[in-house]
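The two complexes that follow have chain A in common; it is paired with chain B in the first and with chain C in the second.
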Partner chain A sequence: MVNDLFYFLIFPGFLFAAAGGGILSWFDRKITARVQFRKGPPFLQPFYDIIKLLAKETLVPRNSAKIPFLYAPVFALAGATLAAVFILLPAFGITTGFRGDLIVIYYFLTIPSVSWIIGAMATGNPLAITGASREMKLILSYELAFLLILAAVIYKSGMTLNVADIIDYQKQNGPLAASLSGILLLIAFVFCIQAKLGMVPFDIAEAETEITAGMFIEYSGFTYAMVKLTRYILLLVLPSFLVILFLGGFRWNGIGILWSVLKILAVVLVLTLVRNTNPRLKLGQAMRFFFVGMNLLVIAAFVLSLYGL
Partner chain B sequence: MGIKDYCFKKSLWVFHFGGASCNNCDIEILDCLTPRYDIERFGMQLVGSIKHADVLLVSGSINRKCRERLLEVYHQAPKPIVVVAFGACGCSGGVFADGNTFNGPVDQIIPVDVYIPGCPPKPEAIIAGIAKVINKKAG
Partner chain C sequence: MNAPGLIIIVPILAGLLLLCLPSALLRIKAWTAMAVSLFALVLAFMAIGEEKGLTWMVPFLKDYTSGDASGKLVTSLLRLTALRLDAISVWMTILAAFYAWIVSVYTLSSGKEGEPVPNFHGYVLITLGFAAGALLCDHLLFFLFCWGVLGLTLFMLIRGNNDEQAAAAKKSLIMIGASDSLMILGIGLLWIVQPSMNISGIHLGTDTPLAVGAFLCLLAGSLTKAGAFPFHTWVPDFAETGPAASSAFLPASVDKLLGIYLLARLCLGMFILNEWLVFLIILTGSVTIIAGVMMALAQHKFKKLLGYHAVSQVGYMILGIGIGTPVGIAGGLFHLFNNALYKTGLFLSAGNVEKQTGTDDIDQTGGLAAFMPFTFASSLVFALAISGVPPLNGFASKWLIYQGVIDLGSQGGVSATLWPLWLGMAVLGSALTLASFIKFLTGIFLGARREELASVKESNGFRCTPPVILALLCLASGILASGLVIPRMIMPLYQKFDFVGFWNSELISILVILSFVLGFLFYAMHKLVKIRVAESFTGGEPKKEEKPVVVGDFYLNITRAPFFEVIYRMAEKKWFDIYAWGKELVLATGKGLSILHTGLLPLYVLWAAAGLIILLLVFL
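Showing the complex of A and B:
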């Protein structure tokens, strides 16, 4: 029991994931600034932002449904933290998880988006509701591709539903990305992560210049700090998930530590560069991209992996 | 100075309220985000929603229609908030001060903490004004 609480609150869970994700979010902003020939924010900027938001006043709109509005960010944070625990525990090799934890992770990764939709719908703000309906359509479009990728990964790693077994398989047979089908799956997975994180080509739900902040427009102070923390945690968790599934997991001894950190930074770098070199897609374009493009790509990869390529 | 104030001044998020502006101030504000001046160095960001803002930047002359909107936006802002009157029109009304529809200046509607005069203010003047905001919070 004490161990579980420790896992949830401190080490691979809340504190660690939030701190790691904060550093990654600084990395993301710094790279963005360097791409635009700017200097960029200081290293502790994400932590300043969070502490400032925690100290500010929290406003509740008069016409909102108060309980869903205030609890949605809490559920989102809890979902992201649980996903962090289930993904990072096997990554650190602490426990081996249980049979089928891949499916549990898939559900936990959906919880933040769904709770944000509920919270945005509860505000009564038309822009927030627009953002929420866009997010809903975006979920519908990328989740199928995401699920197909997981299915292909399960097939390629010898029909196991256990994250720890997938890591072991890659330790014996080389990373899954080291094959043609693996590379195709990796490309599709990067785009799914991009959509899950709401980064620029797919930031339709919170389009800053169009519907101002979309789903998060009414959140202020403490509640917005929780939204930010959830995004930091997802920014650590989803690239780690990619590394676990495709790039052979992490190794936490000697030079392996450096490699592990570099793998995560490389994935975030790819995400940031995609975000900086692409304009925002329209909703229809994003749906077509996932429904037609990504699904076909993943199915092609699946067929290739049936032939052992 | 406690950690709360320190973090507040390290991470000022700016909401831009454009009154009946001639658009010149808006361009100078965007100039601050460009590589030459880059106010993100100080942790500043332009945000889209007043609910996320720490600084309410008011530019342009305030006419009768803007007045109600400005009051509404000010009341919706989470406190503490720093109000900055921006440009000649924001500070005093500028050339519109004698106009028929003029209903400002900003400091007669909401309490103003910092004035940044100029028509439009240079980006250097904006950064000097930002330094004033930071020192005001510190002092």
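Showing the complex of A and C:
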């Protein structure tokens, strides 16, 4: 139990994932700044943001359902942290009883969005409700594609649900991305995590210039710090998940460490470049993009993988 | 008489007695129903300890062995009332008694408020008795008799005073009745193929047309009772117009138990399915999941929304049992138990909301969380559980079913090659369920408060307690799922298996609870977290001008999407309603025949003569 608490709270759970995600968030902001010919923030800026938020007062809207409003970010943070543990423990090669299969990970990666939606709905603020309703529809659009990608990964790595087995399979047979179907799946997966992270072009639920941060409009101080921490954790966890499923996982010895860090940075770089070179899609466009485009892409990849391509 | 026999006889007799009492004694009737269902529940629990296998409902008749006519009558009666005690039948009976008890606690205040429908308590007890009879008996004819009476009590439990209820009652009765006649046909076919009438004695291969026909007829009966596509259309109508207590008792729990019980008996004992039948069942399950939830998404009446979910959820159970691997079957049965918990709870909570606000329209309610805290808290648990949010119980059973599908994928056969399709439909159904429950929660409890609802109060204790009990059970069976509930309760129902994946519900639940405790401690530290209540920010627009958001139209961009629009329009025109098709067919036949009825005597004479000629031709 003490071990499990350590995994959950410190490494690779809350503290490690939030710190790693914070650094990636700095990387994302720095690259964005360079793309826009700006200087960019200092290295510790993501952590200054959290400290600043903790010092501010926390506002609760008068007509809201207060308990769901206050505890939704807590559940979101818990869900993201557990997903981090399930994904990062096998990534570091640690085998314990504290683990979840791909289906469990899939469900825990949805918890942050779901609890934010409930929290936003609890405010009674029309802008928040608009944002939450958009987020729900975005979830509906990409969840099927996301699941079918996982199903294809399960199929390609010999019908196993276990993350550690998928890593082992790639160690013996080469990364899953090294095939035609693997590349197609990888492309679809990148778009799915772009949507999961709420990055442009899929930042429909927040849309600062349109519905003034939508779902998060009423969150401030401590509660918004939790939202930010959850997003840091997801920014580390989702790219790591991609590396584990498609790029052969990580190696933590010698030059392998450098490669592992570079893999993560490369994925985040792709996400950042996509978000800096695209305008925000309308809700209908995003839904069509995932429900028609991405699903067809994944199904095509699945069929290719049936023929061993 | 032994305990299992008493579970059948006592509620039926007590129910008949209650029917005779005048409605002035309503309070006594309500408390009697509660006491009798509690007694049945205790007896059902005692039946766990009884020896498994066949037993007799009336044991002392066993010694009556005279050879005369009356002796023969007694022996055949004895054969008819043989009871079969095994893990599945006993657990299903416990649950049936439990839900009868929950519903009778919920209606204890009917002495003051009036009954949901006339003679409600009497019919609940009669339903319980015959449901226990159907679940425990071993003889197909006795089973059919109990099943038939249940169709009738279903009708009596919805039939109120207005036209809508009468129409829904008629529809339910006709659909259930039609499926009963199919079942009689099925049992007849079965009897041609092999002479045994004992459920425990039948193990039939499905390689002859007669056996397949018998299976399909019985399957139609089970699917209609459980409310699966395409025989589901009575469920949403029942849920929309019927009283919440009746919906919570029948379509949400007891009818599901009966339908899935029959399906389990058919697939796991009475018939050995060929791969096409397996394919048919899995397809039915998957289509039911999506069809039900897509219709739920478009609803504005929250009781009807729940009715469509009562359809959608049954798809998971059918899928699980259809898969046929031990883990899939365990998932299907576990989902049945879980669904009964949260769906009954949802109907009862919806009943509370409807009672306190006087409306069942999502667009007319909102912001009730502060006024109805118990109903809201339990509804939140149910909504998260039905959407499969971990670590609640709905997730645990769906997790087993998904594993079953993946397990199926590593086997051979028609349905095995299509495993990604089944998995995709099941998971998409789960996401859509979440979407429609976000609408349910927002429309009723969260969202903008309405001034006209400012005086709404929480329901009385009798009406609040059952949802709270059910919510606690949802939490418990989710938290203890992987360590206690699945290995101790679910595995003995069919057979033991090893999990394909990993899910440690106890550990994860402790960590989630720990997170909430930490959150609470931080919020409680006022020096660290300074909380201030303020007006919400609406982009600078004045607050009074603000119109409440219309929650009912959340998913218009789905229902108006190019392809879906056509489907929804077809659904509105009742293209998928087998009842409407049947009605059209009957009316068209009637019209055709009415052409012949001109009222002219010579024509009738002509018909009579033609009939005589045909008879002569046939017999000569």
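FYI, the second predicted complex is superposed on the first by the 304 of 309 C-alpha atoms of A that agree within 3 Å, B and C clash if a C-alpha of one lies under 4 Å from a C-alpha of the other, contacts with A are read in each partner's own complex, and residues count from 1 in each chain.
The rule is simple: a residue touches a chain if its C-beta (ideal position, glycine included) is under 8 Å from a C-beta of that chain, and two chains touch if they have at least 3 such contacts.
Remember, it's a predicted structure, so these values are computed and weren't measured experimentally.
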{"item": "If touched residues of chain A are counted for chain B and for chain C, the larger one", "value": "C"}
{"item": "Chain B versus chain C as contact partner of A:Y169, first or second or both or neither", "value": "neither"}
{"item": "Which of chain B and chain C A:T123 touches, first, second, both or neither", "value": "second"}
{"item": "Partner chain in contact with A:I217 - chain B first, chain C second, else both or neither", "value": "both"}
{"item": "Which superposed partner A:L82 touches (first chain B, second chain C, both, neither)", "value": "second"}
{"item": "First, second, both or neither for A:N63, with chain B first and chain C second", "value": "second"}
{"item": "First (chain B), second (chain C), both or neither touched by A:F202", "value": "neither"}
{"item": "Chain A positions touched by chain B in one structure and by chain C in the second", "value": "57-59, 212, 217-218, 221"}
{"item": "Residues of chain A touching chain B in the complex", "value": "29, 33, 36-42, 44-45, 47-49, 51-52, 55-59, 208-209, 212-213, 216-221, 224"}
{"item": "Complex contact set, residues of chain B against chain A", "value": "3-4, 7-8, 10-11, 34-35, 38, 40-41, 43, 47-49, 51-52, 54, 76, 78-80"}
{"item": "Sites on chain C touched by chain A in the complex", "value": "366-367, 369-370, 376, 380, 387-390, 395, 399, 402-403, 406, 409-410, 419-420, 423-424, 427-428, 431-432, 434-435, 438, 441-442, 445-449, 500-504, 507-508, 511-512, 514-516, 518-519, 522-523, 528-539, 546-547, 549, 551, 554-555, 557-558, 561"}
{"item": "Complex contact set, residues of chain A against chain C", "value": "4, 8, 54, 57-66, 68, 70-71, 74-75, 77-78, 81-82, 97-104, 106-108, 110-111, 114, 117-118, 121-127, 129-130, 132-133, 136-137, 139-140, 143-144, 147-148, 151-152, 154-155, 159, 161-162, 211-212, 217-218, 221-222, 283-284, 287, 302"}
